[in-house]
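Sharing a structure here in structure tokens format.
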Amino acid sequence: MPVTPESQDLLQVRDLSCRRDGRRLFAGLSFALGAGAALQIEGANGAGKTTLLRTLIGSAGDFDGRILWGGSPFPQSLPQLRESLLFIGHRAGVRAGLTPLENLVWYGAGRDDALRALEQVDLFGFEDTLCQELSAGQSRRVALARLYLPQAPRLWILDEPLAALDVAGVSSLQGQMAVHLSRSGSILFTSHQPVALAGLQRIDLAEYAVDEFADEVGGAYAFG
Amino acid sequence: MAWQWFHRLGSPRWFYERTGVWLPWLALASLVLLTVGSVWGLGFAPQDAKQGNSYRIIYIHVPAAFLALAGYYIMAISGAIGLIWKMKLSFAVMRAAAPIGAVLTFVALFTGAIWGKPTWGTYWVWDARITSMLILLFLYIGVIALARAFSREQVADKACALLALVGTVNIPIIYKSVDWWFTLHQPATIKLTQSSSIDPSMFYPLLTMIVGFYCLYTWTLIAHTRTLVLQREWRTQWVQQELAEGNRGGD
Amino acid sequence: MPSVESLSGIAPAASRAAPGFGALLKVELLLVLRKRADIANPLLFFVTVLALLPLGVGPEPELLARVAPGIIWVMALLATLLSQESLFRSDFEDGTLEQVTLSPQPLYFAVLAKTAVHWLVTGLPLALLSPLLGLMLNLPAAGYLCLFASLLLGSASLSLIGAVGAALTVALRRPGLLLALIVMPLYVPVLIFGTGAVQAAIDGYAYSAQLAILAALLAAAAALAPLAAAGAIRISVDN
């Protein structure tokens, strides 16, 4: 789907408030993420960063407000969003019983592309080792290698991508994020540490925090 | 709007305020019906030609068994409504229905066992109905145990609703297979309940008891759901007001 | 400003390669075969418990022959159940399950592939082992073929039904007994028709009707259970 002027902002969030266990975590959040743009979500633990990401990928449905993908609202546009989504969560999605290479192939990569990606995350020589034998940091890098595949989807949503990475890993990842932006991809990520990316927008969820329980107004949850 | 009443019905607050008015009437109706039904059934209905007085336990057994099964469907349907329309109240009804249904199933089993002693000479027989009832009890226990296993209420609600729905699909298959199994192993000797052939003088008190049990069930379900609603919504303004009024002794 | 050409490095929406059903099966099988102990355990459990039975009820051949179909079936049921707890566990813990829910491919096929592999490494070997256990428990000769066939069909249903329970409890830390509690009542019809078929075969009656019902149960379970399990996975992942 080529970028048309109307859908310049791929992902739009308007007056979003998310709940977890009936408790409102934040409210009044609005932002837009266009092609070639990156957005960092900040906030203390429990501010709702992960819940926000999970809401945006459609895994958590307890929210008020509007989320639009390519101009059309959730949940109708959720399948389209997921087709162009690469999500790496707190649990990285790396199978311990497979090798790094097999893991990447499972995510749809070709063998050569996968090998090149593994080399870029500094796992050259480990491609045939079972992931259960890798260290936590290495295992995390297997997941991040998905970002180095040439056919990477356009929208990246990453939960703490820099966690458990060493200095070299962080700078390599920042480089790859810049490459993705230059190919007009979009990145939305959470991170505690500062990230050097040109044109990076930042949102601190603490500014949207609410300390109140959702009172009954409409009666039920948002329908749909 | 057609949806508006549905929306309002889904509101825990609306439910709480409205049902507060119904409760005393339901309690009164079930008290009257159950008293009339049991005095009539135990004291005035004629003796059974074969079973003598022991048949009179049907006045408890049959209504309990009716509601035990109906209660499972009430639980599953509430769960389905909760899953489909994400209605909070509906999940509360589902969660309230589970222990009530389990208790009724137990009552049906227990009275069945008491009845079994004079009828078959033993407290437990692997009769098709009793076996099905026992499996129903296990299905209820499964839902209750699953609900308790989750620390997050909302996940528990959805998981229980799904399990209850799976159980609903299975119940007819289980009942049919148990029936088949029973006919295979021992030919039916005594049919426990055949309301069609029962004499009107025995049937009317039974009908009174069944209606009474339905009233009692509704009363219990609403009362339990109200408690759950208060527990779940206790931080909202209206519950705080409600509790404050309660503490002042107001009505 | 991005131009259309500059998007060439980004995959167009539909081309994101989702693994086909065959590829799913292959990966699941590979994962299972790398943990051979997990395959052996249910089978060893099955054999060990059945070897204990004569020690409990006595070695009289007539008595053993009478209880053999039921006991073999109940033990096959327990062996399936015990191995089912781990069906989605590692995938849940490492986040693969979450990734699968985000995939454009229906979750139904992922569950079906997992369940099929579970059956291949538990139900199928149990069915293959059953004649041996029949021999040990003095099962009458007429029952062997039917025992094998009924276990073959029935254990597939057990795997499918158990997958729903496994998916519901995957987010819990120690689901073992809870899983048994919620799944066992659902196993009743399969158990009844499985043992019923074997008993009919031993008594010299036709048992094709029972096998047909087992096949019908399997068809229904294959159609519905993965759907329910998929729903349960979405609930569990949101934990």
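As written, the chains take the letters A, B and C, and residue 1 is the first residue of each chain.
We take it that a residue touches a chain if its C-beta (ideal position, glycine included) is under 8 Å from a C-beta of that chain, and two chains touch if they have at least 3 such contacts.
Everything numeric in this text was worked out from a predicted model, so none of it was measured.
K.L.:
Could you compare the number of C-beta pairs in contact for A-C with that for A-B and name the larger?
P.N.:
Taking the two pairs in turn, the one with more contacts turns out to be A-C.
K.L.:
Specify the chain with the shortest distance from its C-alpha centroid to the centroid of every protein C-alpha atom present.
P.N.:
C
K.L.:
Going by C-alpha centroids, which chain is farthest from chain A? Tell me that one.
P.N.:
Measuring from the centre of chain A, the most distant chain centre belongs to B.
K.L.:
Calculate how many whole Å lie between the centre of chain B and the centre of chain C, each centre taken as the average of the chain's C-alpha atoms.
P.N.:
About 33 Å separates the centre of chain B from that of chain C.
K.L.:
Report, in whole Å, the distance between the mean C-alpha point of chain A and the mean C-alpha point of chain C.
P.N.:
For chain A versus chain C, the centre distance works out to 35 Å.
K.L.:
Could you put a whole-Å number on the gap between the CA centroids of chain A and chain B?
P.N.:
Measuring from centre to centre gives 46 Å for this pair.
K.L.:
Could you check chain A for residues that touch two or more other chains and list them?
P.N.:
In chain A, the residues touching two or more other chains are 61.
K.L.:
Please set out, as single numbers or ranges, the residues of chain C touching at least two other chains.
P.N.:
238
K.L.:
Return the residues of chain B touching two or more other chains; collapse runs of consecutive numbers into ranges.
P.N.:
As it turns out, chain B has residues touching two or more other chains at 152.
K.L.:
For the complex, which residues does chain A have touching chain C?
P.N.:
It comes out as residues 1-3, 35-36, 54, 57-61, 79-80, 82-85, 87, 89-98, 102, 106-109, 130, 150-154, 182-185.
K.L.:
State the interface residues of chain C toward chain B in the complex, per the touch definition above.
P.N.:
164, 168-169, 171-172, 175, 178, 181-182, 184-186, 188-189, 192-193, 196, 199, 217, 224, 228, 231-232, 235-236, 238-239
K.L.:
In their complex, what parts of chain C are in touch with chain A?
P.N.:
Residues 2, 4, 6-7, 9-19, 23, 27, 30-31, 34-35, 90-91, 93-96, 98-99, 101-104, 234, 237-238 of chain C touch chain A in their complex.
K.L.:
Across the complex, what residues on chain B touch chain A?
P.N.:
By the definition above, chain B touches chain A via 7-14, 85-89, 152-154, 232-233, 235-238.
K.L.:
If we count contacts the way the header does, which residues on chain A are in touch with chain B in the complex?
P.N.:
Against chain B, chain A makes touches at 21-22, 61-62, 213-216, 218-223.
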